[in-house]
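What follows is a group of structures, each given as C-alpha cells.
Here chain A shows up in two complexes: once beside chain B, once beside chain C.
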Partner chain A sequence: MADDIQITEIESGAHARVLRISGRLDAKNAQALVGRCHELRDRGTTNVIVNLKEISFVASSGIGSLLALTETFKDANGALRLVELSSAVSSVVEILNLGQFLEIAATEDEALAAIGV
Partner chain B sequence: MFWKTRSKEDPAVPEVGDAALPDTLALPEAAASDHAEERAGAGPTSARPGVETAAEREVTLRSLMELSNDLNARMDLYEIADVALFNVMGHFGCSRAAIWYLAADGYADAVLLRGHGLPDRAARAVGSLWSRWFGTSGILEPILIEDLKEVGSVPGLDLAEEAGIALFAPLTARRKLLGLVALGNRVSGRRFSHRDLQALSASLNFAGAALENAAFTNRMVESNRQLRLANEQLRDLDHLKSSFLRNLNHELRTPLTVMSAYVDSLLMVENADSAQREHLGAVRSEVSKLEAMLMRLLDFGQLMSNDLEVELDRGDVVNLLRTYCEERRPGLAAGLRELSFSFESGVPPAMFERARVIQIVNCLVDNAFKFCPPGSRIQIRVERDKDTVRVDVRDNGPGISPERLPHIWESFRQGDGSETREHGGMGIGLSLARELATRMKGRLEVETTVGEGTLFSLHLPTG
Partner chain C sequence: MSEPKPERTLSIRWIVSGAAIALTAITVLAVSFVGERNARSALTRELQTRVLLEARNLAMTSSRALLSEFPELTLGPIIAEMSEDRVHLEQTAVVDLERLIRGHANARRIGDPYSLPDRALPVETTVGLMPGEQMLADDEILIAAAPVRHPQGHHIGTAYVSFPRDYVSSVLAEARRAQLLLVALMLAIGIVVAPLYMAHLLRPIGALREGLERIGRGDFDSPVRLQDRTEFGLLARTMNRMASGLRDAQEQKVERERLSHEVELAREIQSSLLPDADVAADGFTIDGSHHAAAEVGGDIWDVFPLEGGRTGIAIADVSGKGLAGCLVTSMLSALLRAFRNEESSPSALLARLERHLPLRSGTFITMFYGILDPAEGSLVFASAAHNPLLVRRADTGKNEWYRTQGIPIGAVKGGALARTLRDERISLRPGDVLVQYTDGINEAFELSGELQFGLERLQEATAAGADGGPRRVIHNIRRSLEEWTGDQPPLDDETLLVVRYDGVVAATPGTGEAAPANAPAELPIDSMDPLQVLEKSRAANHHCTLPADLDQLHELRGWIESCPGFSALKECELAIAETAVYEVCANITEHGYGSRSDARMDVWWLPQSPNADDPPAGPGLRGHFVILDAGKPFLPQDDPVDLHDPGVRRRGRGLGLEIVREVMRRVSYNPGTPAGNITLLAFDSSKPRAKETSHG
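On to the complex of A and B.
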C-alpha cells in the first residue's frame, strides 16, 4: 500500500544490519519496523543501524518505537544506532531532548565504525 | 522467541491488605509552578528544566490527535496496546513502559499485554500488585512513584523502582478500571509535570475506550466464527455417521452370510428330526431379519456423501493462513491469547484441500487456546522444509507431559479425565487432524517441552 514504510536491509558483518527506511514513521509503520528489528534480534543480530534520511514524517508512536528498540538492543548487549536523521526526525528529537539517550551518528560508515565493522 | 507464561512457581507477590492502604492519598499539589513557568515563557527549545514551551505543547496536542486517529474498533487488544504504548512513550520520551489488562473472565491477575525495557518476570509481578492496588484504592488518576514515597509505606514501591518505573496510570472506560500502564523515567531526565499527567490521562482515556470497544467487537467476531464452525462440524459429523453405518454394515454382513449358509445347509439334511428343523428354522428366520435390517442401514448410508475423502489442489498455503489468522486473531485476543503469523519468503505451492488444512490448523489453535493460560502467545509460521511446505503452530504454554504425549492422538481422549472436564470438548480433534494430514499425503508431528511450550508441525507435499 502507498502508505507502507519501505525497509531495505543491508548485511554488514556477522552481527550487524543496516535498515534504510523511507516513508512515514507512523503507528502502523512503527509496528512494521519493530517487527523487523525483533526478527533480526531473534536471529542473532545485535547491532542495527537505521537510516532515517528518507523519513518524511515521524509520529509520537514512531519516536516511541525508536526508544523501545534502543532499549531492546541494549538489553541484547548490542545497540540500535540512528543515522542521517531527516529534519522531521531531528526536530522532534531536539524538542524532546532525546539526543543523550539515542545513539545517533552522522553517517552509516560512522555507525559501522563504532561497532568495529 | 517465546514469552514465558505465568507459572505457580513465580515469586510471591506482596499482598495488599486493607490495613496497608493509606486512607487518603495526599499527593503534592500540582503545579502552581507549572503555570508560573509558562508565563515566564521560553523559546522553541527550553534550556530550563520543567518549562513547557509552545513547541512542546504542540507535540502534546499532536500526540493526542494521532492517538485518536490511530485507534479504531477493528484492532484487537494487542494492536491497541502497541499503538497506545508507543504513542505515550514517544510523547513523553520514555524507553520503558508496560501495559496490563484486567480480563473479564474471572482470571484474577492482570495480564501483561506489552512490555518494553522491563524484565518480564518483574513486569508480571508489578502488574498484579499495582492493578489490585488501583482496584481497591479507587484512584483513577496517574500516580508518580516519587510522590507515593512521600505518602508512607506502600507495598510494592521497591518492586516498581527496581523495574525502572516512574509512574502508574490506570486505564479506564466509563470510570471502570480496565487495566494499567507504567512508564519509566523520561530519557531526557525531565520530571513529569501535572500537565504531563493530565495529558497522559487524556491519552489513556482514548486507549481505554478503544480497548472496551475492541473487546466487545472481538467477542462478536468470535461468536460468528464459532457459529460457522458449528455448522461445518455438524456437516462433518453427518459424514462420519454415514461412514460408521457403512462400516457397520460391512462388518455384520459377512458373519450373517456365513450363518445363513450353514443354517441352510443344515436344513437340507434329510434325516434332521422335527425339533431340530424347528430350531434351525427359527435361527434362519432371525438371520433373515438381521439381513433385512442391514439392507435398510446400507440404503440409509448410501444416501450420505463420503466422509473423509479429500480433493487435492495446488495452492498457496501462505495466503490461506494469512487470511485465517486475520479471522482468528480478534477472538483469541478477546481471550487474551496473542496470535502472530509469519512466513519464509519463497514458499512454493503445496498440494492440499483448503477446508481440511483450515480444519487441522483450527484444531491446533483451539487446543493451544484451551491449554495455555491468558497472556500466552500462539505463533503460526509457514516455511519450506525439504519437499514439503511446513505449517508450524507453536505455543508457549505448559507443554505436554511425557506420560500424556503418546496418547494425544487417540480418539475420545484428551489426557486424563480431569482435563476433559475442565477444558470441555471430546478430544477427537487431534486424531481426526492427523488422519486428514495423512489423507493429503502429508503428516502431523509434535514436539513439546514441559514448562516451555508445544510445537505442532503440519507437512504438506509441495505442488
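On to the complex of A and C.
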C-alpha cells in the first residue's frame, strides 16, 4: 500500500544501524518501526539512528513510539538518535516540548560521530 | 413454591442405643469367655487334688486290709461306697506288689491283674505329688495312684482312684447356661430402655430446630425457651445471643444503607453544582478540581459569566458535613448565581449571601469570590476568611500571597461580616496564574500524620506547572499532594481553582502575538450551542467525509489544504493542524466506533471571520473544525501525561489529546446530541504555543 512506511537499513559498524524511514508515521506504521528496532536490539545493536527527513506526517502514536524506543535503547546502554527531523515531526516535538526527552542530531554524520563510529 | 423434600436423617437415638447394646453384648461375652477359661483351669486343679486325696485316703485305709488274709472283704465295701462321690469304679482298685487286684467294687475282679487303660499317660499337674504317687489321664478319666505302705513304712501295694473327666465340662456348661440367660435378659432390657432414655435426652433438639427455623425466617425476637442442664441448654443460650446479635447487625446494616444512600444523594447534589472542568472564559483559562472526602464535605467551586464580558469565580468551604453541609452548599450555589449580576462588588455579594443563608449557629462558611475582567486584566475579590490567594507572576516568576481581614460567613451574627470585608484589586499580566484552594489541600497530613502539606509545597507545585496552564498546575498540585498523603483517603474535601490570564488575542490579522488588554472580546462562537455551530458549518460547506479507518485518515491532509486560508499557512502549521484533527478522528475511530468497518465521520471547517468567505490569510487564521460522529460516546482521557516520568515515556501513549490541547485554543466534546457526537476544535494559527508562552 502506498501509505506503508519504507524503512531502509544501513549498517554502520558492528553495533550501529541507520534507519531511513519515509511516509506517514501513524499508529500502524509506528508498530512496524518499533518491531524493526526491537529486532535490532535483540540482535545486539545498541545504537540506532533514525532519519526522519522523509516523514510527511506524524501521529501521537508515532511520537509516542519514538519516546518509548528512546527509553528502550537507553535501558540497553545504547541510544536511539533522531536526525533530520521533517517539519511535520519537529512541529510536534516542539509543541510538546519533547526535545529534552529525545536524542536529536542534525545529520547522520553528527549522530555517528556522537557514538564514535 | 414447593417445600424441598426433607432429606432422610439418621437418628442419633438408634445409633447410640444400637452401639451401646452391641458394645455391652461384646463385653459380656468376652468377660464370660475369659471367666470360663479361668474356671476350667481352677476346676481341673480341684478335681486333681480331690482324686489324689481320695487315692491317699484309700491307700491309708488299705494298709491294714492288705496284710489280712482276705483283704477284699474289707476293701470291697469301702470302694463301693466311693461311688457315691462319683468315683469311676472300674479303674478304682487296690493292688498288691504283683499288681493283682486285692480290692475292687466288683468282687469278681479280685485276683485279676490290674491294667491301666492303654491311652492313660502321666499328666502335668500343679498338685504336689509325694514319692510313689502318680497322676494319669486319658480322654475320659483321671487316675491317681498312691502307694499303700506297711505300718513299718515299706511299699506293699498301690491304691488307684479314678474320676470321670467330664465332670469339669458338665459343671462349666451349667454355669454357662445361667450366664447366657442373664446376658439375654440384660440385653432385652437395654434394647427397650436405651432408645427411650436417648429420646428423653435428645428432646431439646426439636425446640432448637424450631428456634433456628424462626431465625432463618428473620424472626430474631422469639428466643428459644429451653430449661436444660446439658450442653443443649448451653447451645440454646448461645443461639439466643446469636439471634440478638443478628438483629443488631441487621439494624445497623439498614442504618448504614440509609446513610450511604443519603451520602450518595448528597454527593450527587454536590457534584451537580460543580462546573465542568476547563471552563472557557474570555481572556482567561480556568480550571478546577474537586476530590470529595469519604464523608461528603461542603466544598464548592464555581465559574460563571457576568455582564460586560467579565467572569465570576468562587470557592467556598462550608463547615458542616454530610447532607446538612451539602444542603447549605447547594443553597449557597443557587444564591450566588441568583445575585451574581446584582452586585458588582464582591464584598457586597458575600455580605448579601450571609443575609440570605439561614445558617444555624455553629455552621459557617469561608468563601472567596472574585470578578475577572479581561479588558482591564484585573481581578477584584473579597474573602470571607478563606485561604490566602496565590498569584504567580509570569514575567518575574514571583509568588504573591493575598490575605484579607474578613471573618467567615455566619461566624458572627448581626452583620459584623460586612464591616470586615473589603474589595481588593489585583492587576494581571498575560501568563499570570491565580490559585485558590480549600484547606483540604494545605492542611492534608503526610503519612506519619505530623506535617501538613502547607502553602510552601502548594507554591512549588504551582511554579513547576505554571507554564503549562491551569490544567498542568492542578495536575502538579494533585500529584504532589498524593505523594504527600500516600494512600490515605482524603479526610476533607480537596478543591482547587486555577486561573491563567491569557491576555486578549488581537482580532486583527497579521500580528500573531498576544494583543494588549482592551482588545475586543473574541470568539463568540465559544458560547454557542454545538448544534448551532454544526448548522453554521453545514451552511459554510467546507466538508469532508472520512471512513472510520486509521488507514484512510491520510485523506485529511488534502482536504485541510483545500480549506480556505490553509494554503497560505507555513508547512509546519499545516502539519500540526493535520496532526491535531487526525488525533481526534483516530480517537473517535478507536474508542467511538471500535472495530466497525462501515462507520464514517464528517468534518467541517468553519472559518471565524467577519466575512467567512474571505478569511484572513496566513498567520491569524481562526475558525472551528467541527467533527460529527455516530459512534459510542466515550470519556476522553482527561489527565495530562507527565513526560518527566520515564515509565510514561516507555508506554509512549496518551499524547494525542496533549497535542490537540496544545494546538487548539479550545476543545469541546459534546456526546449524544440529537445530531450525534459533536467535537468542536477552535483553531487559531496565532495561538501562543507552549514554547512561546513560557515566561521567565
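One rule holds for everything that comes next: the second predicted complex is superposed on the first by the 117 of 117 C-alpha atoms of A that agree within 3 Å, B and C clash if a C-alpha of one lies under 4 Å from a C-alpha of the other, contacts with A are read in each partner's own complex, and residues count from 1 in each chain.
The definition used in the following text is that contacts are C-beta pairs under 8 Å (C-beta built on N, C-alpha and C of every residue); 3 or more make two chains touch, one makes a residue touch a chain.
Since the model is a prediction, treat every value here as computed from it, not as a measurement.
With both structures placed on the common chain, the touch criterion links A:96 to chain B and to chain C.
In the superposition on chain A, A:111 makes contact with neither chain B nor chain C. By the touch criterion defined above, A:80 lies against neither chain B nor chain C after alignment on the C-alpha atoms of chain A. When the two structures are aligned on the shared chain, A:67 is found in touch with chain B and with chain C. Legend: residue contacts after superposition of the two complexes on their common chain; A:16 is shown touching neither chain B nor chain C. Of the two partner chains placed by the overlay, only chain B lies in contact with A:31; chain C stays clear of it. By the touch criterion defined above, A:57 reaches chain C but does not reach chain B. Of the two partner chains placed by superposition, A:49 touches none, neither chain B nor chain C.
For the contact definition in use here, the residues of chain A common to its chain B contact set and its chain C contact set are 26-28, 59-61, 63-68, 70-72, 92, 94-98, 101. Within the complex formed with chain A, the residues of chain C that make contact are 550-551, 553-554, 557, 571-573, 575-576, 578-579, 582-583, 586, 643, 646, 649-656, 658-659, 662-663, 689-691. In the complex of the two chains, the chain B residues touching chain A come out as 1, 44-45, 53, 55-56, 59, 62-63, 66-67, 70, 79, 82-83, 85-91, 93-97, 116-117, 187-190, 342.
Taken together, the chain A residues at the contact with chain B in this complex read 26-28, 30-31, 34, 38-39, 42, 59-68, 70-72, 75, 92, 94-98, 100-102. Across the interface of their complex, chain C is touched by residues 1, 3, 24, 26-28, 56-61, 63-68, 70-72, 87-88, 90-92, 94-98, 101 of chain A.
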